[in-house]
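Quick one: structure below, then a few questions.
First chain written, first letter: the chains are A, B, C and D, and each begins at residue 1.
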Amino acid sequence: MKKIINDPATVVAESLRGMAAAHPELLRVRTDPAVVVRADAPVRDEVAVISGGGSGHEPLHGGFVGPGMLAAAVPGAVFTSPTPDAVQAAIQETDSGAGALLVVKNYTGDVLNFETAAELAAVDGTDVRSVIVDDDVAVKDSTHTAGRRGVGGTVLVEKLVGAAAQRGDDLDACERLARRVVGRVRSMGMALTAPTVPHVGEPSFDLAEDEMEIGIGIHGEPGRARVPLTSADEIVRRLLDPVVEDLPFADGDDVLLFTNSMGATPLLELYLAHGIAERMLAERGIRVRRRLVGPYITSLEMQGISLTLLKLDDELTELWDAPVRTAALRW
Amino acid sequence: MKKIINDPATVVAESLRGMAAAHPELLRVRTDPAVVVRADAPVRDEVAVISGGGSGHEPLHGGFVGPGMLAAAVPGAVFTSPTPDAVQAAIQETDSGAGALLVVKNYTGDVLNFETAAELAAVDGTDVRSVIVDDDVAVKDSTHTAGRRGVGGTVLVEKLVGAAAQRGDDLDACERLARRVVGRVRSMGMALTAPTVPHVGEPSFDLAEDEMEIGIGIHGEPGRARVPLTSADEIVRRLLDPVVEDLPFADGDDVLLFTNSMGATPLLELYLAHGIAERMLAERGIRVRRRLVGPYITSLEMQGISLTLLKLDDELTELWDAPVRTAALRW
Amino acid sequence: MGCTAHDVIVALRSAAAVVAEHRDELIRLDRAIGDADHGENMDRGFRAVVAKVDTAAPETPGAVLKLTATVLISTVGGASGPLYGTAFLRAAAAVSDVTELDGPTVAKALRAGMEGVIARGRAATGDKTMVDALAPAVEAAKSAAEAGEGPAKVLSVAADAAHQGAQATEPLVARKGRASYLGERSAGHIDPGARSTALILSAIAETARSRQ
Amino acid sequence: MGCTAHDVIVALRSAAAVVAEHRDELIRLDRAIGDADHGENMDRGFRAVVAKVDTAAPETPGAVLKLTATVLISTVGGASGPLYGTAFLRAAAAVSDVTELDGPTVAKALRAGMEGVIARGRAATGDKTMVDALAPAVEAAKSAAEAGEGPAKVLSVAADAAHQGAQATEPLVARKGRASYLGERSAGHIDPGARSTALILSAIAETARSRQ
């Protein structure tokens, strides 16, 4: 295992310490349980938008803590949902009286741990709502299964709802907005290589030099299918077609296109893939009005990309454009 | 070779097309020769700060094109300096009457190609100056050699001089400032893995599972020494000590600490390394006043980090804090 | 003849030791169809349980189980944390404040634990989860208790049934948890949570046997 | 007996073919002590040269050399682009507008080319660069020309000397170019630019021999 670490057991704690040192003006870090909180929290009368999950997806979620996005982030161990007490601590640290909205990626662990925390916080008298993000079209959706995973769409939900909270929307409105965004966002990802979890010490799956995984998640879980490595054109088509056809996105739609690096895919390739996706969407008459290109929801040092499409309307466009000041997103 | 590309011969051109699609409000891309130019160039009466070099180091330099930083970037083939005609095209596209400052990383190829372009532009009547960045303490400095490489310090020079140009400094002042920054910035890097150049198809060097390269450059050239992989504490010390001792940075100095990912090192590890560097500097009484943490000058999918220290004063701090609006740096 | 609070603590220590011993195996199982953390999660959690029961010294079996639940919930994380936590919490409620567990109480506690897992995780048998180890264990325990067996025997048939149940998850296609994302590709691997359930039950049964 | 513009074009085509053939070898050499692009750079440049001379049809040897220089400068990039470009530019100036190159003119052009490389790159012999191939080539060419040899022979002794010079870079520690960053670790490898210089000179010499 090739990593710049001291000890697999302390990676998350040491990394959070470095993050706190790097962004004193934006955030503070609580340890035991670990929580990343806006430097100025609680922000009076502003709904606290909180998210979290296993570590290893940076900048998600800690990199999105700040004005216009998250009030707090709850980082678990690498690829492991945080425990309810940590989520509870985040709720307490950011409690402004306006309530908290938990943005939860749809994984059994995240759902159960955040659910428990929300129950506990309700007992304390805080109004807490949860919204589950499940945008991954690679996973068949069914009430008999765990359902779709939450992936790239999560970043967009956090930005948009964070903007709504900042403009003063109340908890009901924030919750409604979050559900609306979840209903309009779809994603799919692929990988060329596997990530290596520090405490495991070997790659999460084995992939031959000429293979790729299509329909991959962000936790090193294998994808839906292992197929021969093909051209960028073909890769983008294999991600984009199911995304477009799922909602479906149609001729004349205005969209936000989010081209995400899974971690180790260089920007050179990422922009290349983004250009292809823009071309293919144009061919379908789908109009890309906003873009996000970069490593925003990653899987340690995994090589690969994901594509996320969000159907825009005037309100969502305005919320997207609203100022944001976090370590990873800023305008 | 595992890459999301169509054809090694068209990687840079296709990537630039995607970049143009991603940032229409910030930049435009000229092809043949390839140049990335500020959307609003030329900016009347503003010195045009221009940089460039081989591709594969993204976001350097194209990601730094925009108000408060570069007027244009000149991307060569992967790891290959651009040709003089491309540099000349960048000078022409951004010619505002205030002259151009070329920020050149100290590689024989970059120096010779930019030098030639500057000569040609001078014939056309444009006032062009060049500043060579050579901040890499891993390389022994000597007039009998090619001298030190330009690495992480380049990002800081581009930001600071871009800010000076935007506040209205003339070409003389910009050139003086650039030289002043070069005199106060030092860097050193290391790698856990090698990058793979698309047209080569195999990693630029071979490194065993328990080895790392210390004193590495950003072009897949091997480093100064191959040593056993050690702890993050030890790695940071091996980078930081030579950097601190070179200038030297001393007790009581105010500095900017730039912790850079070489591409594939995840943020989780990068923040961890940053935290260690902050601690070690504090132990020496060196005061970290500003930070930059992220993948800003990379080497394709190489895993590794570099540390850069800049000695701050009031003017430099103010220029660092000045607004910047580019694809990769924004505040 | 029954299990005291001290017996339960000893059994949990032994469970922690077995989980530590099988940490890498559980990681390997989870690597195949999940995210390779189940062994790490369980090991972290049971270490914390051992540390906590040592200092807190709870006085009834129910108190031990409840403490175990809270420690697991706040240290394991992932899917298994809340699920195992709920299982121990419900088991604690089921045994109430009795001071010694007899066969029927053990069987009842096991059933309550399983029902808690199902209530939280909504998995049915055959979904390739820890429920596939728990359900046969609960049935076997019930029969043994009804046949008048003591806690050691009840636990030992439960553990055996859990092992068979875990083994039987191998050909299944997962419908819950992270393995469900793989669809058909999840077949051919034992479910890590079912395996850890069987291992923990064995360790507890083994302790009960040796102390009876 | 002398080399016409057409002869020079044929020689450049042959040089381009040899560079293409040795592309991977040059990449390998540059991978060891540089950035693995020398073969790609030279191949890209000489392909462009061939395409350009075909359409532009320059009429004197000097015009061919000048065109080659500009094409190399605007297509090769890296360190070798400006250096090879300058070499061809100075060689073009040295042959002026003569229509057929004789032995002494070839020798003079080679020297001018080398001086251009040194003027731009400031490398001395022994620095482990293309100068280590060029310098012995220039000396050998000079002697041959002074001995009254024609262009074919002058080029062929120059090429042989260049090969020896390139080979002799192997043990050297680089002091210029990218290889210099390796310090002592640069020893034990042939310099890619010296190797490409020798290859190109051989190709040109071979053409001259076969057409004489």
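The criterion applied here is as follows: a contact is a pair of C-beta atoms (placed from the backbone, for glycine too) under 8 Å apart; a residue touches a chain by one contact, two chains touch by 3 or more.
The UniProt protein names, listed by chain, are A, B = Dihydroxyacetone kinase subunit DhaK; C, D = Dihydroxyacetone kinase subunit DhaL.
Everything numeric in this text was worked out from a predicted model, so none of it was measured.
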Neighbours of chain C that also touch chain B are A
In terms of mean CA position, the chain most removed from chain A is D
Here the gap between chain B and chain D, centre to centre from mean Cα coordinates and rounded to Å, is 32
Cα centre of chain A to Cα centre of chain D, whole Å, reads 55
Here the gap between chain A and chain B, centre to centre from mean Cα coordinates and rounded to Å, is 29
CA centroids of chain C and chain D: separation to the nearest Å works out as 75
Contacts with two or more other chains occur in chain C at residues none
Multi-chain touching residues of chain B, meaning two or more other chains, are 78
Contact graph of the chains (line, ring, star, complete, other): line
A full list of chain pairs that touch reads A-B, A-C, B-D
Residue positions on chain B within touch of chain A in the complex are 2-7, 11-12, 14-23, 55-56, 58-59, 63, 78, 192-193, 209, 212, 229, 231-233, 235, 259, 263-276, 278, 288, 291, 293, 295, 298, 300-301, 303, 305, 330-331
Seen from chain A, its contact residues with chain C in the complex are 33, 54, 76-85, 107-109, 112-113, 115-116, 138-140, 144-146, 149, 197, 199-200, 204-205, 217, 219-222, 224
The residues of chain C that touch chain A in their complex are 27, 31, 33-37, 40-41, 44, 73-83, 120-121, 175-183, 185
